[in-house]
Amino acid sequence: MTMISVSNLAVSFDSGDARKHVVKDVSFAVEPGETFGLVGESGCGKSTVLGALAGRLKNWSGTIGVDGEAISRKRSPQQLAKQQMVFQDPFGSLHPRHTIGRTLLEPLEIHGLGQRQERVEAVLRDVGLPASFRHRFPHQLSGGQRQRVAIARALILRPRILLLDEPTSALDVSIQAEILNLLKDLREREKLTYILVSHDMAVIAHLCNRVAVMQDGVFVEIATREQLLKGQVAHAYTRTLLDGSRGYVPTRARN
Amino acid sequence: MPDLFQPILSVKNMSVQFPTLSGAVTAVKDISFDVGREKVGIIGESGSGKSTTGRAIMRLQPANARVVAEEMRFEEVDLLGASEADMRAIRGRRISMILQDPKYSLNPVMTVGEQIAETVILHERIGRRQARQRTLAMLERVHIRDPERVFNLYPHEVSGGMGQRIMISMMLISSPSLIIADEPTSALDVTVRQHVLSILDDLIAERDIGLIFISHDLNLVKSFCDRVIIMYAGRIVETLEACRLNHATHPYTRGLLEALPSLDHPKDRLQVLRREASWAEA
Amino acid sequence: MTIVQTTGTGPSRGTAALAALQKVATSFGVILTTLLGLLVITFVVGRMVPADPVIAVIGDQADHETYERVYKQMGLDQPVYVQFATYLGNVAHLDFGQSHVTKNPVASDLARVFPATLELATLATIIGASLGIPLGIISAVRKGTWVDHVARIVGLLGHSTPIFWLGTIVILVFYAKFGLIPGSGRLDVYNEGLVEGPTNSILVDAMLAGEWEVFRDALLHVAAPALILGYAAMAYLSRMSRSFMLEQLRQEYVLTAKAKGLGQRAIVWRHALRNIRVQLLTIVALAYCGLLDGTVLIETVFAWPGLGQYLTSALFFADMNAVLGSVLLIGIISIAINLLSDLTYRFLDPRTR
Amino acid sequence: MATRYFNDLHNWLINEDFSSMRQARLHKAYVLWLSLIANPLAFAGFVVVAALIAIAVLAPLLANHDPILQDLTMALRPPSALHWFGTDEFGRDVYSRLVYGARTTLYISILVTVIVAPIGFAIGATAGYLGGWVDVVLMRITDIFLSFPSLVLALAFSAALGPGIENAVIAIALTVWPPIARLARAETLTFRSADFVVAAELQGAGVGRILFRHIVPLCAPSIIIRLTLNMSSVILTAAGLGFLGLGAQPPMPEWGAMAASGRQYLLDAWWLTTVPGVAILLVSLAFNLLGDGLRDIMDPRNA
Amino acid sequence: ATPKDQLVVAMNMSSMRGLDPNELNQLEAAEIVANLYERLIALPADDITKPMPGLAESWTVSPDGKTFTFKIRSGVSFHSGNPLTAKDVEWSLRRLVKLGLAPSVDLRQWGFTDKNVDSLIKASDDTTVVLETPEVWNPNLIFYSLASFSTSILDSKLLAEKEKNGDMGREFLQTADAGSGPYSLRTWRVNDLLIADAFKDYWARTPKMRRVILRHIPESSGQRLQLEAGDVDIATRLSSTDLAAVQSGGKADIQKTPGFGFYYLALNQKDEILANPKVREAFRYLIDYDGLANTVMKYYGIKQETIVPAGLPGASDAAPYKLDIDKAKQLLAEAGYPDGFSKVYYATPVTPEYEVAQSLQANAAKAGIKLDLQGGDHIGKFRNREFEIFSARTGERLPDPHAVLASYATNPNNADDAKLSGLIAWRTAWDVPKDIQDMVTAAAHETDQEKRDDLYAKVNQAYLKASPALITSFQRTDAKAVRKDIKGYVGHSTWLTRWDTVSKGQ
């Protein structure tokens, strides 16, 4: 049984003459426990795909199935809770005037769940933060710590799927390593399914089973982790991305 | 290159402090380094003082910052003793600076041509016409195809990669001898980054000038620079040849390297940096 | 390797013109609804005001028969919505009715009082903007120094001083004590009636007629009230310019400009000012609209026969036609000014072109 | 000993490693306080506003005469040892009226804030957050009120509602809310698509929750600052209405009405208008300085 | 300084309502109309009760007292150049009645209606006008009415040309003049300025002032400063402190012109408490007559506790009441309200009415009566009897006690639907004692002047005793400041101050 199945997804913004087709025709399926990557250059529509999956965008067409259930444009709270999102910018994704505790309590209040304090403490422990952080404000945390809180917030509703939109690209390498490890641990422990957006091929290869390479609203290639590591990719664009993440290749030397 | 070892910039024991509510914060502490006609990378985690160092050299630190040093010399100029007017004559003409994101670092309501030409007009006291010619030539030099048209565009009308090339032309048009580039490609896509860097690389080689390249991308610095300075908590923990980065000895540098996921050496788990208090003191 | 040179080519000229036309059409609809809303509210409020227009006309002591007769003559016996519909019908034919108070057609009253206020408000805005904007910018550049403190306090005082008090003090000192300014009104009695021009703005009319003596006199008369109003406007403008400028000075491009070697002056006046001119334009427009309807007190103190006085006295005597006409005029002006500043905005800011 | 205690307290307050919610709150307030002290003009404003509150509370102790007691034989006396700020046209003690008038002034300021802040916010934030036709309709209404000559609107409404300070306040509120709504809308627009709002949406938070739990705390500072800055014109408008018999009703002392009704005696009894006028000036200056200062302090963009 | 041959007057024109003599109803406009037009009869400012020839050279009254025959002066022409004839007189007086606007009371109160006026007022030839009254009235009342601004003689020929939709020239007259007076209208900008030029062909004399300029200066302080600086010659709306200051400044004289109206306090008799005579009397002890007279009312009024205005037949200077809180308390206790009560009190927030009201409020509070003073425009409510306590002032224009008494002391039908809202006694719902009403009516019809004076004296006493619901405290005066070099500007009690007698001397 697939966890996520997407077929012929198309997303556009603005109606009328200014209509912009950002995602044109995208189909893929993700198995439970799998991590599916999305790479591509800025503006190609990666976040838009995630937005449609998460229920943030409404103007999509095609079919989306989550956990065997077809999803319509309007979602029930249960459907929303099934997948949660982690954003790129840890500085913008936490409410600057809410304490960490309040941020984490909020989803529990919305869904009317009990044992709130216990859950908050447990989820903080899960992401490796001390319970005393509940009283802090986001500006008192480092970027990595914030990203952990964001992950905790996503986890507290016990979702099946995490949608990760460049979760480490705003972080230092040392912190990135911590978060990547954390994501790996959680995936094992909670049997989570991930969709991971990144522009760093190394990160993708580290975490994903498969990756879709996106250009201008369409998938140009879907490659497995092995293919990436061995450099056996079909599309030239994928190759460019792979080269890019290895660093600078002096053109003078090449000429 | 004989003058590679003839430093254009030399900094000795420079510290930068910011006063805050809970006492002064020392952002940069007692750092010393020389830069010759070479590409020197500065890496380090966020907040380690890279940008503060870059700005202190140009004396562009925020008004409340306090910079002290034993010596700060740029070619024949004593940067510590130079007046603001002296500095204005140096900035843009002899030391230039390229900032991270062209979207924010260009004036949104002036055409890009105007902004580039302004630099030459200011420093070389030439007429508008001549400045325009120089600008067009410079734009061509950074591989912009239709300079006449681009001259009259506004920053929001150009792409990120083009914006950064415009930034480069603006900062190199007066042929400075030192360039400080503060994360010049972090806002760009990998594909574009390669192109922009190669243009920068060419120009530097051609004019034989020094570059301070601030970045947090280890792979990039390793492949692009000649030498690397590694900063941690406002201090320089290690300086080495770029090609020898993989053989770094300092545990911090090593930690950074280990923490990096890699396509060539995939690992199941990444090493997590374990910081030691002694690094910040040494 | 090929790099795609993406540049914002934008829509072609033809579609741009069409879009502009569409824009104009929608703004026209917006204006009409706004004006209609304005009229409805004015009408409703006017009906709620306890002042009785009939008594305002016939006086307190008239008897009941007279009252009834005049009541009917004024059309007040009809249902309110009928009165409103009639009014709208007349307005559609550009007939704003007659004022119960002045007994003139409202349109001709407005044509007389409005230029007086316009003259005053325009001068005040010019004074306020030409002092306030530089002051605000200087205090932004010198933020936290004594220059900033003094500039802000001087500005804020203008914002916090009761205008009628300042007005009377000015008259007392500069007119009564030192005789430096003329007393009140728009002209000296000697010069009354020498120019009766097409615009009803004495300054303009005198200039057109070449009556320089009258022009000088009118200028002297307008000076004191315009300066006082200008001071009040200055306070607002300098505070806003200060915060706009501070915002700009924090921007990254300022650092770029410094790195190029530009001095503080060039950065402020060449780079940053260009970025805030759109905002400045907007606040000057706002200040201007504010002055147009905020002249009530100063007009009373200086016996300036303008719109402010006209409107308040109309309101007090429940002179609905006059109130509606004036409110409509001010509404149109403020909408027009905002529209104009919107258009200039498009012109000045490349990002909105 | 004492300094030691204060040092400990300072350290406890400034420490960001909180052990409780209370400490977190106190810390926030303390940091605000420290930044306020560091800003001389804002602090001066704060002191005057605090003094206003103190005077209002302590009015019965500070006043040395009955503020409404008339004595026509003592009318229009200049300041003296007995009547520090002279007497008015009814022989009432201006100083005592000034002291009691602080209550009215404060009352007006608070009432306007209490009315305007929620209404302006609710309208602006709803329009900004929901967008679409709701935005169009609400903003059209706001525009209509904005293009009204504000003093006229206040005059007309308070005339329509009848005299009385509460009615005057309502009328003033009608002229104050549109800019607040505009501001709230603009602020909401900047936060509407912020990641933390999206996150809440994705967790199923409804419109009400988002507006009141997420957007309010972010808009509140700028709205409060704007209201603070508006305070002087609120007081002055109330004064104007008072003079026209529409604001505070006699014999209640109110600075604006005092200044305005003393206006006809300005040439001979300067103290009658000048004393309350200066009081208004000081208080509105203080509100302005405080508002400006708060903006510098509280708005992270102004750091 | 002002030009030598021009008179500059500072006025507050904001309540002026057009210049049609048959429509306006207001002091400033009346003064202007008085100089633009002329009337059959003139009342000299210094002897206001003595009818003198105006446009009527002479007149006779028939023995039955109902027919008045006026001989119209010949050789008089209007500003338009049209000669003034009896036809103009006939047309003008009929117009007043037919338009039926506020000032038409001047004729209507004597029984003229739009139905009968065509037969009752007639020009028998070019120089003779015959006027019949439906009832017998004291002839002076008729003469006084014919001296009022409302009975000004209009240029019927000119107005025939200017007529629109049968409006008898109303629209034209709002902003223009059609008179024969010593001044003709040159410019009028509402709430700004009015300029009148001397009329060269004025029959009586050549006005010394070539031009009269009226400037709208709404602020008292503005008027005073301009007066002291010599930029205006006369200031007409000064506050009492400004008047005092001008007086002591020595540059101008203060002219106090008594008017025939009062500052009054109305207690609604539909209110159970206020209907109690002891309560009404208690209010009389709460007014600080002397305190006000020396301060607020110094220039605005003369203390007058009785109902016949000073200077008219039957007037008395009796002043039995003065501020006495204890007495008031005692009366309240006797009435059964030892602890007082509270009432809503409407007053107009203008000087000096509001000050008077606040003074009463303060004194009432001491006696235990809590008055909730509300400013604003409440005349409509007063006219409809929807109030508890109300105070204002009236301004009657007839130099005869009848005008005041008819309004203050007659109320033929106290029912709500009688709608006699022209009478303030009815508005107060005061059932005026029958004997007082009868005496007032009788006096108006009485042609014997001595009997009449006697009757008024009696009414005056009876009114005082009745503990009236309409309490008078001050008789209205209008104070103007006139610069010392202005001669011949004499305030007129019935609002007809003349400009053609003014001269400037050194």
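Order as written gives the chain letters A, B, C, D and E; numbering starts at 1 within each chain.
FYI, a contact is a pair of C-beta atoms (placed from the backbone, for glycine too) under 8 Å apart; a residue touches a chain by one contact, two chains touch by 3 or more.
According to UniProt, the chain labels map to these proteins: A = Glutathione import ATP-binding protein GsiA; B = Oligopeptide transport ATP-binding protein OppD; C = Peptide/opine/nickel uptake ABC transporter permease; D = D,D-dipeptide transport system permease protein ddpC.
Nothing here was measured: the structure is a model prediction, and the numbers come from that model.
Student: In terms of touching chains, how many steps apart are chain D and chain E, taking the shortest path?
Tutor: 1
Student: Any chance you could check whether C-E or B-C wins on number of contacting C-beta pairs?
Tutor: C-E
Student: Measuring between Cα centroids, which chain is at the maximum distance from chain B?
Tutor: Result for the farthest chain: E.
Student: How many angstrom lie between the CA centroids of chain A and chain D, rounded to a whole number?
Tutor: Here chain A and chain D have centroids separated by 46 Å.
Student: Let me have the rounded angstrom distance from the C-alpha centre of chain B over to the C-alpha centre of chain D, please.
Tutor: Those two chain centres are 49 Å apart.
Student: Taking the mean of the CA coordinates per chain, how far is chain B from chain E in Å?
Tutor: Comparing mean C-alpha positions, chain E is 90 Å from chain B.
Student: Report, in whole Å, the distance between the mean C-alpha point of chain C and the mean C-alpha point of chain D.
Tutor: Distance between chain centres, rounded to whole Å: 25 Å.
Student: Going through chain E residue by residue, note those that touch at least 2 other chains and give them in order.
Tutor: In chain E, the residues touching two or more other chains are 221, 225, 376-377.
Student: Please list all residues of chain D that touch 2 or more other chains.
Tutor: 159, 162, 263, 266-267
Student: Two or more other chains in contact with one residue: find those residues in chain A.
Tutor: Residue numbers touching two or more other chains: none in chain A.
Student: If you look only at chain E, which of its residues touch chain D in the complex?
Tutor: 220-221, 224-225, 239, 241-242, 244-245, 288, 291-292, 294-296, 348-349, 351, 354-355, 357-359, 361-363, 365, 372-377
Student: Give the list of chain C residues in touch with chain B in this complex.
Tutor: 1, 3-8, 251-253, 255-263, 266, 271, 274-275, 348-351
Student: Considering only the defined contacts, which chain A positions touch chain D in the complex?
Tutor: 54-56, 77, 80-81, 84-85, 87, 89, 92-99, 101, 103, 106-107, 110-111, 132, 135-137, 140, 150, 153-154, 157
Student: Please name which positions on chain E make contact with chain C in the complex.
Tutor: 2-3, 6, 8, 14-15, 17-18, 20, 25-26, 100-102, 104-105, 171, 174-175, 186-187, 189-193, 195, 213, 215-219, 221-222, 225-226, 228-229, 231, 376-381, 383, 392, 394-396, 407, 419-424
Student: Which of the residues in chain D end up touching chain C in this complex?
Tutor: My answer: residues 40-41, 140-141, 143-153, 155-157, 159-162, 232-233, 236, 239-240, 259-260, 263, 266-267, 273-274, 277, 280-281, 284-285, 288-289, 292, 295, 301-302.
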